[in-house]
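Shown below is the structure under consideration.
Every chain is named by a letter (A, B and C) in the order it is written, and numbering of its residues begins at 1.
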Amino acid sequence: MTDRMKRNLSTSGRVLLLAAYLLLVILPIYWMMATSLKPHTEIIDAQNLTYFPQAITGENYDQLFSMYNYGSMLKNSVIISGSTAIVITLLSILGGYAFARYEFRGKGSMLMFFLLTQMIPGILVIIPLYVIFANAGLINKRFSLFIYYLVVNLPFCVITMRSFFERIPYTLEEAAFVDGCTRWQGLFKIILPIMFPGIVAVFVFAFIGSWNELIAGTIFISTSDMWTVPVGLKSLIGKYDVKWGVLMAGGVLALLPTAIMFAVMQRFVVEGLTAGAVKG
Amino acid sequence: MGWQIALYILLIVALFVLGIRLLRRYEKKHNKRFQVSRKLEPYLFIMPVLILLLLAFGYPLINSVVMSLQNYKLTQPGNSYFNNFGNFKTLFADRDIGLIIRNSLIYVVASVGMQFLLGMTLALALRRKFKGRGVYQAIVFLPWAFSAFVVGLMFRWSFNGEYGVVNDLLMKLGIITEKIAWLGTPGLSLLVVILAMIWMGVPFFAIMYLAALQSIPEDVYEAADIDGCGAVRRYFAITLPYIKPTVIMTLLLRTIWVFNSFDLIVVITGGGPANHSQTLPSYMYTRAFSGYDFGLASALGVILMVALGLYAVFFLKVTKYNKAGDF
Amino acid sequence: MKKRLVAALLCLALVLPITLAGAATGVELRFIDVSPSPVRQEYFEKTFAKFQQETGIAVAYESVPWDDAANKLTILGASNQLPDVITTWAGWLGQFTAANWVIPLKDYIAGTEAEYTDTVTKLVWKGENELYGDTYTVPDGMMVKGVFVRKDWAAEEGLELDPAKGWTYTEYFDTVRKLTNPEKNRYGTSFRGARGAFDPLFVYLQTFTGGRAYADDGSALFNSPEATEAYKIWNGLYLDGNAPKDSINWGFIEMVDNFTGGLTGTLINDSEVTATCIANMEDDEWMVMPMPASDVDGQIYNTINSPYAYSISANSQNPDAAWELIQFLTRPDNNIEYCKLTGLIPIKKDVGDDPFYGPDGYYATFMQQLNDPKLVVPCAFGPFSYTDMHQGMMHEEMQKYLLGQQDAEASLGYVAGELENRMKQYLADNPGSAVEQPKSLSD
């Protein structure tokens, strides 16, 4: 086999693989979108499954906003998840840097503690927090969710950030120190720019982690005008029936912010910003 | 209130900037690098995170250990007393506990394993540039952005044996001739949960590995090409060692996360039929809220933490994580 | 100088959340709705506004999605944060009363009993007094179970179903079998195998025991040889293919979706489902039959509940104002409006001649059952302070039987054994208490 044939073979294999995977991803999403465009009677018609909406309708999207106040849910979710993600990113840069670049007493046990926080079942954290928030008057305030999402996502993000730091050779910084840079300058001028894809990734992780959280959302929030998107969508599941169309419409629209972020993120992560920088 | 959070963030950002400014000034004034003494530095960096986490998790961690040893009903918190490991005895006397442990293991190994394999494959396939790669990525990463309960509901509905789209599709394609009761058959119900979990989780692995792959310098590969390395050998000799810290950490974190997440199970099968898709955490959640028996739930929680803790220590030891990052 | 600024800022950042929080709390009642929908929220907010106009008391409307309601109320209760007026489901009362989260209402109700229908006074309140020693709720509306049937399918099979005449369980099972038609992809019944599966089954089993679940000493009666046979017949519907194979894991939602979606021919469910049928089906497609009469004694055993009854929480600082609110919500005009919106039957006698609840209305069969002298309300699982029986053990044991992992005797025997233990324990722990008795309007 010539090299060329080999390459062709591997290319076509790759294309096939990517296409198959795309199909697997798209089918459920397509099904959601199709459902969101059907009237309720068509959706629940058990004798007649339609793969394309017979009568395309926008009523589900319309109801989502006019009856269920989706706009306010989006607003709450964006404020809470956005602010959580910003603060988490800043704090994990600091924490991740320390874990990656220093040897210090208690490092192992601290890491273990971080992991431990990921193991404790969430409900055992929510109840004591609820009591504290209630006494501080924070119930039904976005702030309570902000704090909760901050602490539950932090350990993961710090550890992830650490692994991003660790991929950057220490020699880079050393070279900078030799050139007379301080540690801070080393961090800000040399490392962070290279790290940028990682930072963006951590931001997105933190954002998605808070964006989709449901249990704390139902516990800490008590009025529908403060509901986040998942809580609002959950309310579409009644005792006897599910508003499938509206729910799917809400699910599809809830993807928008993250989809935009992915589009932005892939520019950084994908275009291989780091590759060149590390090389130099 | 939104402005509360805004103010809070502003404060933290201001502190951040101010701290740096101060350091700079200090450095200029003394004409030397800022040295709190290198020993203290890492603690300073970690302090904010550590304080937050200790505040939030310290009490719950200790409290759940205490509760696990007590007869603690949420409805009668004033009436709790230590019951001589009664909760643990109850747990291990449960006649379905063996089945539930088995389910948990299958669930976590299959989900994480497949997520890892698919994620890695996807990342490798996406490493080289091609036309439309950006759009492709933006689409295939989407499943990760869904709410678990929306995905769960979607799967529960699609895998419904009677009016679900999956059976209909498989029959139209001639793959099956009779409707399959996915959610009503032991084994299959757990499979549906695992499929949903994999569907949602692959993008995470792909993103992490893709980012990691980008940091491998090209010249390493060039050298390998000269040596005439094959693709497989090249992968195991160069690629994998390079991204090993990421692989280890993602595997560890995701195992913990997947193991602990029960929302898909609760939504899709509710643990049924007859506990055949119940895992330890979903079982704990059900017990906590149907019996309000937080003593029992905490006991389960403690067992989970100990098991996961042992796993983490063992995993890090075996993979020699702390030696992996040095090049 | 700068250092001090930093210190000050740091302090501020830490203290901020606490100081900003404790803002205004006027004299205001809190009300929580456990099954929010835009319709309900609009009704409550409108009615609260009227209430404020008349009494000057403001009411804040809080809500939590139904799926998470029980969990949230539990956490609120455990941390003493329950709103003044809470909407409760009968299944939660054991826990709420045992934990003293709700207050007795007998003194408030005293003197006004005559305004309420017999179903409220003779069935609901009597039951609460038997189980918990006092009255703890005012029903928001009544619902009773019935059998929803595909009218058009029944006509195709030549079945004559007359709600006024009623039917027996034998006739009902027969109908289910006749409506099953694999060729047309039709099943006779929306079987329920998951959460709540035991509810309708428990009623059926008690048609063999005169409506009793336990003997006076707490031993279980519902696993007698006849009842065990009945258990086999009931589950036989599933095992013989009169219900989809999938239904072993169905809950409420699948049952209703499959009936309204045209897959199953009958559905045993609460009158509340009527609204869903009206919305999703044509009028000539469905009808409501009363619950089948017992094959043993001809009585109609049926459960009667209010879905989201009003209670006053023990946390309330203003229980009198809270009671005023409940009275306002249950005033005939407000209650009728509410019941029509939500598909319930009003709780006050003063319904007038509202055609909505007349013989030609959608609720005719339900109203007929409520007035039937043969109506008997059988016993509940027991006044236990936990509710895991609705979710765990019972339907899991039943599923094991359906999967062929154990026989009917073992399956029902295990459930009966568990419940018997709990009942006997309860009787021992609460001296002076007795097992519940079946109730009827003629008592």
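Descriptive notes on the structure:
Quick note on the criterion: contacts are C-beta pairs under 8 Å (C-beta built on N, C-alpha and C of every residue); 3 or more make two chains touch, one makes a residue touch a chain.
Predicted, not measured: the structure shown is a model, and the values here were computed from it.
Each step here moves to a touching chain, and the least such steps from subunit B to subunit C number 1.
The greatest centre-to-centre gap from subunit B, using C-alpha centroids, is found for C. For this pair, subunit B with subunit C, the centres built from the Cα atoms lie 37 Å apart. Separating the CA-averaged centres of subunit A and subunit B is a span of 12 Å. Mean C-alpha position of subunit A lies 38 Å from that of subunit C.
For subunit C, the set of residues that touch two or more other chains comprises 17, 20, 71, 75, 78, 257-258, 261, 263. Listed for subunit B are residues 1, 4, 8, 12, 162-163, each touching two or more other chains. Each of residues 44, 46, 141, 143, 147, 234, 237, 242 in subunit A touches at least two other chains.
Put simply, subunit A touches subunit C in their complex at residues 40-41, 44-47, 67-68, 126-127, 130-131, 134, 136-141, 143, 147, 215, 218-219, 222-224, 231, 234-235, 237-242.
Of all residues in subunit C, those touching subunit B in their complex are 2-3, 5-6, 9-10, 12-13, 16-17, 20, 70-71, 74-75, 77-78, 95, 98-99, 101, 193-195, 244-249, 251, 254, 257-258, 261, 263, 385-388, 390-392, 395-396, 399-400, 402-403, 405.
Partner subunit A is touched in their complex by these residues of subunit C: 17-18, 20-23, 32, 35-38, 41, 60-68, 71-72, 75, 78-79, 81, 185, 252-253, 256-258, 260-263, 269, 272-273, 276, 279-280, 307. Those residues of subunit B lying in contact with subunit A across their complex are 1-2, 4-6, 8-9, 12-13, 16, 20, 23-24, 27, 33-34, 38-39, 41-43, 45-46, 48-50, 52-53, 55-57, 59-61, 63-64, 118, 121-122, 125-126, 133-134, 136-151, 153-155, 157-158, 162-163, 165, 168, 199, 207-208, 210-212, 214-219, 231, 243, 245-246, 249, 252-253, 256-257, 260, 263, 281, 284-285, 288, 297-298, 301, 304-305, 308-309, 312-313, 325, 327.
Subunit A meets subunit B in the complex at residues 10, 14, 17-18, 21-22, 24-26, 28-29, 31-32, 44, 46, 49, 79-80, 83, 86-87, 90-92, 94-95, 97-102, 104, 107, 110, 112-125, 128-129, 141-143, 146-148, 150-151, 154-156, 158-160, 162-164, 166-169, 182-184, 188, 197-198, 201, 208, 211-212, 214, 229-230, 233-234, 237, 242, 244, 247-248, 251, 254-255, 258-259, 262-263, 265-267, 269-270, 272-275, 278-279.
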